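Chain nomenclature is as follows: A, B, C, D and E, assigned in order of appearance, with residue numbering initiated at 1 for each chain independently.
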Amino acid sequence: MLKTEELNSGYGDVQILWNFNLEIEEGTITALIGSNGVGKTTFLRTVIGLLKPYSGRITYRDEDITNEDLIARVKRGIVMIPEGRQLYRGMTVEENLKMGAYARNDSKNRIMQDLEWVYSILPRLKERRKQPTGTLSGGEAQMCAIARGLMGNPKLLLIDELSLGLAPVIVDDLVKLLKELNSQKGVTILLVDQDVQTALEIAQKGYVVVNGRVEMKGDARELLKNPEIQKAYLGI
Amino acid sequence: MLPQAIINGILLGAVYGTIGIGFSLVWGVMNIINLAHGSFIMIGAYLSYTIYTVYGIDPFLSIPIVMVLLFLIGYAIQRYLMNLVVRGSVFITLTFTFGLQILIANICLLIWKADYRSINLSYSGASIPIGGVVIPVVRLGIFAVAILLTFLFYIFMKRTKIGLAINATAQNYEGARVVGVDVKNIYSITMGVSAALAGVSGSLIAPIMSINPFIGGPLIGKAFVICVLGGLGSTVGALAGGLVLALVETIGTSFIPSSFQNLLGFVVLVLVLIFMPRGLFGKRLYNE
Amino acid sequence: MKDEIILYGEKVTKTFGALRAVWEVDFSVRRNEIFGIIGPNGAGKTTLLSMINGTLHVTRGSIHYKGINITNWKPHRIAELGISRTFQIVKPFPGMTLLENVSIGALFGKDKIVNIRKAQERARYVLSRLNLTEKEQAPVETLNVSERKRLELARAMAMDPDLILLDEVMAGSSPADLEKIMELIVELNREGKTILLIEHVMKAIMSISHRIMVLHHGEKIAEDKPENISKNDKVISAYLGSKYVKRSQQNA
Amino acid sequence: MNKKLISIIISVAILSLLPFLVTGFWVRLLTNIFMFAILASALNIISGFTGYAAFGNMVFFGVGAYTVAVLMNKYHFSFISSFIAAGFISILLALILGFLLLRLKGHYFALGTLGAAEAIKYIIDNLTELTGGAQGITIPSMKGGPFLINISFYFIMFALLVIIVIFTWWLSKSRLGYTFKAIRANEEAASVMGINTTIYKIVAWSLAGLFTGLAGAIYAYWFSYIDPPTVFDVMWVVRMFVIILIGGAGTVFGPVIGAFLLEGLSELVWSNFLNLHLGILGILIIITILIIPNGLASLTTEGKGLKGLLESIRKNRVNAL
Amino acid sequence: FAGGQKEVKKAERTEIRIGASVSLSGSLSRFGNLVKNGYELWKDTVNAKGGIQVGDKKLPVKIIYYDDQSDNQTSAKLTEKLITQDKVDFLLGPYGSGPTFATTAIAEKYNKITIATLANATKIYNRGFKNVFSVLSPGSWIFYSFIDMLANLPNKPSKVAIITPNDLFPVTVAKGAKEYAEKKGFKVVYYEEYSKGVQDLSSTILKIKNSGAEVLMGSGYLAEAILTVRQLKEQNVKLKAIAFTTGPELIDFQKNLGDDANYVFGVSWWMPQMKYSGPVFGSAADYAKKYKEKFGAGLTYQAAAASQGGVLLQLAIEKAGSLDTEAVRNALKSYKGTTFWGPTEFNEKGQNIAGGTVTFQLQNGEKVTVWPPAAATGKPVYPMP
């Protein structure tokens, strides 16, 4: 579904990604793991179009989208749940969620249905629907960001730090949710998370990033059993 | 005397409100104190004046034309100039709009000269006596238009997709991009809408005040006060701010010498800031 | 001496309109203890911490530190007493380098070093303990998540506090970094500092805390040793989830 | 560093000799530039270092000027004693306004100071008995020939400028300077570090007020006639912001460089384009911001030669959307 | 050392250098440009005859202009430039009392004479300066002719109201009017100084209505005059007469107000209909004709006063026979005479104490001079219909 070839990217003079090759199959969950600062966020930002790559190619469903702008990519169904949440602090939870559907051309009805659906899976948000998101607790804000992403009716969902700051129960719920999305709605997911165990448990495929390069890739279960990985990322 | 002063205040307040709304919008969304806003109002007044003198079209009827023209001006200025610096600090954008203001004033000076102008309608000066008070017809019309447009603008911001997007962009630039908002365009639209509203204010003041290329400065002073009184980022607030300022001015000066009129406005401003730092209707988290 | 209580709160309450963010919470922290706070998202942990260090106004109740009633003191006065904190949503000083950021902590904080050079020395020392020496001259804008969190920690440490309030400093850190931060916290504790710790990373908080308090809907629902907390039914249903229990049993 | 010091010493020497060699007009022009450099440096303390856009800073200029005017005109004080009084009153005013307004943040603070400044202007405007109201007030002119008068004011302004520059230089290296910068960067974090932000903000505001007020005091005596619209003119503050911007905010010499460039250039280059010069000023502001938004001081740090210069211009540009 | 401060030797002179810093841009530019027209007209007239007779030589006049941008600070700077860089011999003043304060202080420092053409705030002349001479009579006099006219009406009113923006010149005018009206037996039932630059006068108008005034005298500028007339009508306030200092004489006034401008009175220092005449320009009508030839329509007293400033300077130089400040000052001091502008005589302070004022009324688009009788071209319409 998504493929990057020899991608080089970074911020101005600071190159972060080096010849980055990655491939995601339609309908799968892929995990991207790596220590802090290796370039995971940078990769996601390049894929969604917030950053322009220096060189290389990005293809989506076999179309070259390297030179497409962010809006076109969102319209194609690539949706990102960004690091740091990036909510609209002065607007209410509900307004934030509605903004999630900004790029969709669906009828108002469809969107309202989705809103109810999102509320049903994250009831805490329904309780707080009229609260400005700037005053939510850290975890509530994270839920709101995820819900906003879901409102974009994603085909490919890029999630940056799913579990950051969330209570374990909530993480469990969200993991269940992602699995459902993937299996029932066919949403393809690229997941970045520091909780490597959880990430690899739900993913089919995993990529390990070191210093802006793909260092290892393969079946998620296998990676989970790989002693090197266990030592470096699972603290076992 | 007091009832008349209140009526005068309310009628004037709606106009003040329109002055504040566009100013507050740009401030809230882009965190820009647009010192050129007064110049937009002035251009609006001149356009209205020119359309009236050349084509004889009543300023109330030409409001849509003026709005469209000013929307285009505002849009273009944002798109091709302001977007280049809008991510700079407050000082930078502020000084930038100051430069713009001087430039616009001087261009207008070249086109329209320094003469005072105003629109003299056949029905200007007419008034309806009710009980012990009189209601000037022109001001009543202006009041009605101002309220109507404020209402439409409110609906626009709350109910339309573009309105929501403007708001969202205001509060999280990157967050807006991520959901697919074309922020360049949204910023330009915001400035365009703000300028269009300024155009409305201009059209509305042309029949009741005298215009020349230097009225921009004093109008900005008013816009500041209105905006802070009402609270940033709130349409209702801007209207309320306008009404409060106008009422303070008209009622206040009914009892104390008129030379305190300007003083009153600023004293109220400072008091409101001290006791209600977000104004009467200001929202939390708006540009904090 | 060891069990002396240096910080305690009585019926500490914070409401936002009708919302009971923190409701009549009694708590006490002993000298040289690592005191953990956990609870679901929105339970009021950050709010409680903000009330302790004065950035939020206390609605009701009182907070005492070393026998002084510090309820609703200004943040800077509380800092002068030797309490420092980190922010869950990091608040670096933008436009300044890492070294400058941390130096400010040393210049103020508890012992207010007046000499800039001395302050920088202290800042360098702290940065080295956090593995940030290389980035000393980097503008803070270029830091990644874990570096930002460590910067928060560095600034707090540079103030040379007796009590450190840590709000999710480990969130977003990779296991390797996590390990290092945990070690550092334990080390600081050994050096005599009292630590109040909020964290959702169970691995960390369960292993280094001496005692843990659990908040839920603003109220305290449990307070105990870590091993007992992880078995507490209320805590499991409200916060940990059954999967956690399963997994930790597996790992054990 | 050494090179910098030498060039500073040379500049000071040249500026000390200059008034003996040029005509009265040039002396006035330089005095005027010094005044703007002082005003901009003062504003730089509260706005550049501490990050508070003090839009109403002219209030100190006006109050300083009026202190001198009223004391000399009504109570026949000498200039020296009125000057000192102006300093005290400026600080007093800064304390009062500071306690009222410094709780405000960002734009709201800018507006609060503006409101206070305008309010005080109108109060002075209405205290006709004392201040002459809108009709202005005259100050007894200095006695002596034109040459003596000219160089006296020249050196008074010059001395004040040197003092404020030395002060800013010290500030940039001191603990106080760090404090101001921390407040600018993030006030909440600063207070958690143990900084009593209220007090320090008032200190910054008082320093800015003191220097601005003293400049106003000299201005009144120099000009010998003042009225409220002139000495409380908001547009002057905007001009100071432009100066700071051209030179570089939060730097020591930025405001001085900016003052020389803006005031000097405007005199030499475009004041001769009757009718057009204001428009040119507008264009200049816009272009400056498009090209060097962080001021000239930001350019010296990058490599040498034209390439280095272009490089640093590129780096310092505000990123377009 | 002080080389820059020395005077140029007078022997090598080929021209008379005169400096004028006026507002050509900014808020006062409208009037600044009228003033410049006046100066230019005088200069051309003089130079057409070969210049001014100084002793045995005829020297042409050169006027150096700078634009003060309607800013006092700038006008002081430019005056210093005119004196020390351009070495002018004399100065012609700017438009308005504010900048004149600034420029005359500089001129006094260098001992240069200024003919203040459009500045008559009393305070300017109370500073003990030796080198400033006013073309206009004291500002406080301007309503005198209007008040005289009212006093001579058969059905004369008894209650008058006076309003003014609180600005230097207008307040001087309003205070003078109040004093004189009371002296003439009128009751000033309402007197108010309102904030300068306001865009709404409704409360002031209300207070006028409540005071029961029959006649309104408005000091101030064009914008305020227009605003007053318009809001009087809006608030349904009917008065028997309305008079303004600035406004009715300008075309803008009628353009802006249309029919509502009809029957408004204006007071002025000068009207082309006045029957004065004298050297240089001949009669007032001659002057008006010359002005029209050069600049078209739009002659106002501002331009005439500026020309008169030149004339006074010229007469004094001719009388003194030199360009020496001392000599010219003495000549001005002892001057007593009449020109197209009217009579002039200076008191100790340099104010013109011989001048008078005129009142005119807008009658169906015409400016009809109605007072003093000697200059009148028609009868006042009173009360306004």
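Simple rule for what comes next: a residue touches a chain if its C-beta (ideal position, glycine included) is under 8 Å from a C-beta of that chain, and two chains touch if they have at least 3 such contacts.
Since the structure is predicted, the reported quantities are computational estimates derived from the model, not experimental observations.
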| item | value |
| --- | --- |
| Count of contact steps on the shortest path from subunit B to subunit E | 1 |
| Longest centre-to-centre distance from subunit B, chain (CA-based) | C |
| Maximum inter-chain contact count - chain pair | B-D |
| Whole-Å separation of chain centres (CA-atom averages), subunit A against subunit D | 51 |
| Whole-Å gap between the CA centroids of subunit C and subunit E | 76 |
| Inter-centroid spacing, subunit D versus subunit C (mean Cα positions, whole Å) | 44 |
| Residues of subunit B engaged with two or more neighbouring chains | 106, 259-260, 262-263 |
| For subunit E, residues that touch 2 or more chains besides their own | 25-26, 166, 193, 195 |
| Contacts with 2+ other chains: residues of subunit D | 122, 125-126, 278 |
| Which chain pairs touch, all of them | A-B, A-C, B-D, B-E, C-D, D-E |
| Contact footprint of subunit A on subunit C as seen in their complex | 16, 38-44, 46, 88-89, 142, 144-147, 168, 171-179, 200, 202-203, 238-241, 243-244, 247 |
| Complex interface listing, subunit D residues touching subunit B | 47, 53, 100-101, 103-108, 110-112, 114-116, 118-119, 122-123, 125-126, 235, 238, 241-242, 244-245, 249, 276, 278-279, 281-286, 289-290, 293, 318-321 |
| For the subunit E and subunit B complex, residues of the former touching the latter | 25-27, 29-30, 166, 192-195, 197-204, 206-207, 210, 222-223, 226-227, 230, 233-236, 252, 255-258, 260 |
| Residues of subunit B defined as touching subunit A within the complex | 161, 164-165, 167-168, 170-172, 174-182, 233, 283-286 |
| Footprint of subunit C on subunit A - complex, ascending | 11, 14, 34-37, 41, 83, 124, 135-140, 142-143, 161, 163-172, 194, 196-197, 232-235 |
